[in-house]
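The same chain A turns up in both complexes below, where it pairs with chain B and then with chain C.
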Partner chain A sequence: MFFHVNLERNITLEPRHFGARMKAVLEEKLRHEVEGTCSGRYGFIVMVTRLAEVSEGVVTDDGTARAKFHIKYDCVVFRPFKGEVMDAVVTQVNKFGFFAEAGPLQLFVSNALITEDMQFDSSGENCYVSDDQQIRIQRDASVRVRIVGMRIDANDIFCIATIKDDYLGLIDFGSGGGI
Partner chain B sequence: MSAALCIGRKSAEDVEDAGELRLGPDFDDANCLSLAEVKIVCESKVADDAEQAEETSTTRTRVFEKTLAYAKRFSGNTSSTAAAAIRELHNNSGLHDFEGAAISNLKPQDWDEAKTLVPSLEQEDRGLTEEGIQAMLDEMSNVRKFE
Partner chain C sequence: MDTRLHARMENQGQFERMENEEELERMIKERYAAPRYEAGTGQLDANVDQQALHPTVRDPKLWLVTVKLGKERETVVCLMQKTINLAKQGKPPMQILSCIAQDHLKGYIYVEAEREDHVRKALQGMRHVYHGKPVRLVPINEMVDSISVTTKEVSVVKVDSWVRMRTGVYKGDLAQVVDVNYADNQCTVKLVPRIDYQHLADKESGKAKGKTKSQVRPPARLFAEAEAKRLNLSFERGRYDRSLGASVDVLCSTTKLLDGYHMKTCSLATVKLADAPTLDELQKFAIGDDEDGEKGGNSSGALAALSKAVGTRKTDLKFMPGDQVIIVEGDLRNLEGVVERIDPDGRVVVNPSHKELNELLTFKSEQLRKHFKTGSTVRVLHGKHEGVVGMVVKVERDVAHIFSTVSNEEFQVFMHDLADSEETTQRIDTIGEYALHDLAMLEGSEVGCIIRVEKDVAFVMTNAGTPDRPEIRPVKLHELKKKLLSRNISAQDAHMDTIDQGSMVRIIDGKYKDTTGTVEHIFKGTLWIRARHVQEHGGIVCIRARNCVAHGGNKGSQIGGGLAAQMMGAHGMPPKSPGHALLQSSYTSGLRGDLMSQSLQAPRAAPPRAFGGPGRRGQDPLIGQTKKVRAGVYKGYIGRIVDVTDTSVRLELQAQARTVTVNREHLDVPQVAPSRDSFLAPRATSMYDAPGSRTPAHYPMTPAHGGGMTPMHGGMTPAREAAWNPTATPAHIQDNWEPTSTAGTGWGAGNVGYTPGGYGDSSALAGPTPNAYGVGATPGAAYGQTPGGYGQTPGGYEADEYVAPPAAASWPEDYKGRFLPGVVVRLTSGAQGYITSVAPAGSSFKVKIGTSRPRDGVEVLETVPKSAPEETVTEQELEIVRPGKKTSVIIVTDSGDASRGDTGELITIDGVDGVVRLSSTNDVVLLDMSCLARRWVE
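Here is the complex of A and B:
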């Protein structure tokens, strides 16, 4: 799910930036440091939308004459939750299951979590096909999945998902066709 | 980070469950955005940059590019007025922000689909009725149809 949240961060600025454009430099530096990053706690930070509050600068005591600013900012984040249902795009299919992407998030659906009537087929492009040949999950298809587990690393989140439930599974075949 | 903090964090993950609307202290009261809204925010950033004829670091991160592509693919053609109308609808139905955004992303057709995809709708003492939710879903699909 995407959220609009308020976060805080300390930014250190070198003396050469002190002056009229200081706030602009601070904002630029903040964007550079946080946008595109991922943490287990807040998920992926997509973009900073506003600086809510910038504290007065405090010169650091490490002898470099740099100043530290405490910044409160609003930003758009993407944070997955266990139990959440979302749509994703299939990126890779193999006999162990398939990988998919929901925005910045990587998901894996293992073949144990794919409905039993679907079999792996590698005769053409790797895909999972239902017994009646009507449903075909291959690269670039859209699928609806439910997250069942998350692995949170220092700077990445990886999810295990399932399509073995009502209303989950293939939504459309991707750019090649459609229902 | 101390070992104790790591352990504390671990147990926090275990209690999170979107199906029961437990999102942890950081997100319980956070504002959720639907894909249509994310698309509007991202595209307006791209438009701002184009206007000032300079590319900022924001639009060049992998996370931003993937997010915009994802939002474009799955939000449909919801305009900003339709997105506002849909938000109004789920705000008025007594839904949690998370459920509202989930429903507006997943576009369920009926009550059965909605409660399967978003199980927290079925929790007791929420005061949500099948009729109420169904009426809201119908209204949402009308908004999409007639924009």
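Here is the complex of A and C:
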């Protein structure tokens, strides 16, 4: 789920950036530092939308003469939740299940969480095929999954998902075009 | 005799009739406990009862008697027999009350008696008693302990229990007991057979005689009838076995087989109870079920069966408060809950997670089972996967399928081996000081990245492997020699671009072609990349750097915009310093490393000018110079400077093939830039941001200098350092600058004129006197040899020592020469001294002779004793000593800024000019050296 939240961060800036462009440099640096990162609480920070408040710089006392700025900023975050249904693109298929990605989020769908009528088939490209051969889940296919478990590390989130539920599973073969 | 027999029979009958245990218990209590209670004080509650039973001083004592080893029981029986005999013979009984032998106490028996001589008398004539040894009294407080029997849990081999074989070809193998015959001390176990078919065949045909059995242990495999048939082994089908109650197949008329398993009858002594077989072993054991079982039964069916089998083993079920449990027995079956606490009696108090059940419920641990929902994060507590954290993907009865996010693998474990794990916990993935994905030095020169950590072993991917064939090796903690950090190491990719730790690279070769990943570690051209799409080994790939291409730029240039532009500009700069090449080799050294990493992991190219502070050192003119060490351990050594920090320099010695670090102060070089703070002062920004901005600041001076200025301004840095580091002046640019004009007066005039204008905005940089800047700006000052301290305390000098020149008092009016009182002179004899007085018209001079000592190849007057002799000499015998820098001087010839007789301090010498701060006005003037003489100051 996406959220627009207000976060804070301290940015240190070297003296050579103290000047007219300082604020622009600060923003750039903030974007560089936070966009794409992940925290357990807020999930992935997708984009900084606005610098709400930039404090006055305080020169650090570590002898480097860098200045520290406390910045409050608005950003769009992507935070997955247990039970959330989302669309993902399959990145890898193996006999244990398949991996998929929903933006920055990695998902794993174990074969225990794949409907029973689908079997692993490694004759060609690794894929899961339904008994009637109608549904093939292979690389680049789009699937709709429900998150059943999450593992939140300091800088990554990993989810276990299922397609063993109503309205879940393949939504696009991938090679056939966009969703 | 008869009656007694009868009584016994009757008693026995009574016992048999009392099948009810409670009745039996009551009876026993009545019989044995009653007298003690009667002896007691009567009404007591249970606690006091127990206390009352403890021995007191009035009770008989317990004596420890030493007997022959192994004859403890016999001695006791003998004593009993003796009692009976005495009673039979009508003799008075022994005065002992009881005696006990304890199995665990070898060589001793306890005898209860009032006095020691009673014990001795009772033991008289006993064969196995060591009469020579003293009979010891057991202290009262130890009495209870010494006779209380520790109830040891007797492990009994029962049907269905898991055992391990102690001996034979099956040694260590897991087996399941199918039948036990305690009478014969035998049991029948079910084993995965290890049949040596060839050996059996040889035996059948009689060829086995003389042939030794193969040393190789046959693999544990289910019996294959085809194999037996191939070797023509005798095989009997369907013989009914009474002990098993089933028909079995018999191979070679010895080996009983059932469903492919070996049903082996063996002594109970050759098996031992197995403690908690692991799931893997059980799985191996269950292969048979899988193959022979019903068609639809997949491995999970077998597992379920297994878990059922194992489920009977309830002894080691342990719950912890907070465990998720499900009730598996009784009315409340399938109710879920959370363990609230464990009572001391082993009962588990559960808080049911049900809307309408709000009170805590108590269960026996057998009624509960740990329960994990699909998706919950768990930690494995026991077994092969101990410590692994993963997520539950599937639950089947007692077995959970776990997906480990570390290794991207799925495995199965028993539910009771799992515990809940916080979703956000740091996984247990360290071994000693080494953590997962650390780079560690191994034996020899091998280096590996830890890709998996198990109980006490780490799996490392060494640099010997390739992506296609990675070398993964399990290592113990002690085999890990040291942790390696790749922070400051870089490698070069296929296009010779720099790869740093944290760069994104694309693999251009082999199995993982076109895979991108982040560089985790670098070691000697080998990269360990963490690639998201690689599932093996937790996504770590070990690859040569040249098989990769750095993705885009590295971190620094990804920032984009002005910052990046600046950095790119910095990138493009060619190496500035002559020592640059050397510098790169010694890159890791100290401060530089920090600064580099701090400055946004700036590119590791030549430290660019634009970087200001940190980069400054890259251009330090000291680098590349050959200097001599003046003090310290390396005193006297000469070497080339390869790297410079604020406090130390790296010196490549000429005498020895090594590079040493020398304190900067010990070097034949003045101190430069003691504090970075002065550099990074706010106003510094404008100066550093644009290199050009420095130049204009200096240009206001040029008019007076004309063309002569330019060559010397080639190196900007020293000038800057001189001007802004008031305490020091570098001497690193030799006196190679000869002004085109020798007119000292011209300089002086210019000096006064330009100073305030040129430095108007930066007046705070040095002392309060505007003239101070004149010095800083003056080429002579910047490149001269006299370190000053002038900028900092301009006013400090006139305050004390320079105010009153002792001998500069007076000289005859008619003397127009240069030899003024106080001037240090050299006599024709070579001796040095100073002039104390001048005779009228300079006809003669009085010189006080002191001792001089050579310094830098020049004799310098050092001391002049008070009692030193005074010589009277003529002008011809005298020669003025050229003053050295930082010495007190006297102006001996009138010049533009100073008149004859003025005193001052020679700040520095610039060729033929000297920079002097006059003590009278505190002005700094440039004077011809010929106008100056050294002035003696006590």
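One rule holds in what follows: the second predicted complex is superposed on the first by the 175 of 179 C-alpha atoms of A that agree within 3 Å, B and C clash if a C-alpha of one lies under 4 Å from a C-alpha of the other, contacts with A are read in each partner's own complex, and residues count from 1 in each chain.
The rule we apply is simple: contacts are C-beta pairs under 8 Å (C-beta built on N, C-alpha and C of every residue); 3 or more make two chains touch, one makes a residue touch a chain.
Quick caveat, the model's predicted, so the values are computed rather than measured.
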Next on the checklist: Under the stated touch criterion, which partner chain does A:142 make contact with: chain B (first), chain C (second), both, or neither?
Outcome noted: first
Checklist entry - Taking the superposition as given, does A:53 touch the first partner, chain B, the second, chain C, both, or neither? => result neither
Next on the checklist: Output check: A:82 vs chain B and chain C. Expected answer is one of first, second, both, neither. What do you get?
Outcome noted: both
Item to check | Partner chain in contact with A:117 - chain B first, chain C second, else both or neither | outcome: neither
Checklist entry - Which partner does A:14 reach: the first (chain B), the second (chain C), both, or neither? => result second
Next on the checklist: Just checking: does A:38 make contact with chain B only, chain C only, both, or neither of them? Give me first, second, both or neither.
Outcome noted: first
Checklist entry - Taking the superposition as given, does A:125 touch the first partner, chain B, the second, chain C, both, or neither? => result neither
Checklist entry - Between chain B (first) and chain C (second), which, if any, makes contact with A:150: first, second, both or neither? => result both
Next on the checklist: After overlaying the two complexes on chain A, where does the chain B footprint on chain A coincide with the chain C footprint?
Outcome noted: 28, 32, 40, 82, 147, 150, 152
Checklist entry - Which bits of chain B are touching chain A when the two form their complex? => result 9, 13, 16-20, 23, 26-27, 30-35, 37-38, 41-42, 45, 56-58, 61-64, 66-67, 69-71, 73-74, 98, 101-102, 105-106, 108, 113, 116-119
Checklist outcome for this item: Contacts from chain A onto chain B in the complex sit at residues 1-5, 28, 31-32, 35-38, 40-42, 44-49, 76, 78-79, 81-87, 89, 101-104, 142, 144, 147, 150, 152, 165-167
Checklist outcome for this item: Residue set of chain A touching chain C in the complex reads 14-19, 21, 24-25, 28-29, 32, 40, 63-66, 82, 91-92, 94, 96-97, 99, 106, 108, 110, 112-113, 147-154, 158, 160, 162
Item to check | Of all residues in chain C, those that touch chain A in their complex | outcome: 374-377, 389, 391-394, 401, 403, 405, 408-410, 423-424, 426, 532-533, 535, 558-563, 566, 595, 598-600, 610-613, 676-677, 680-682, 684-686, 688-689
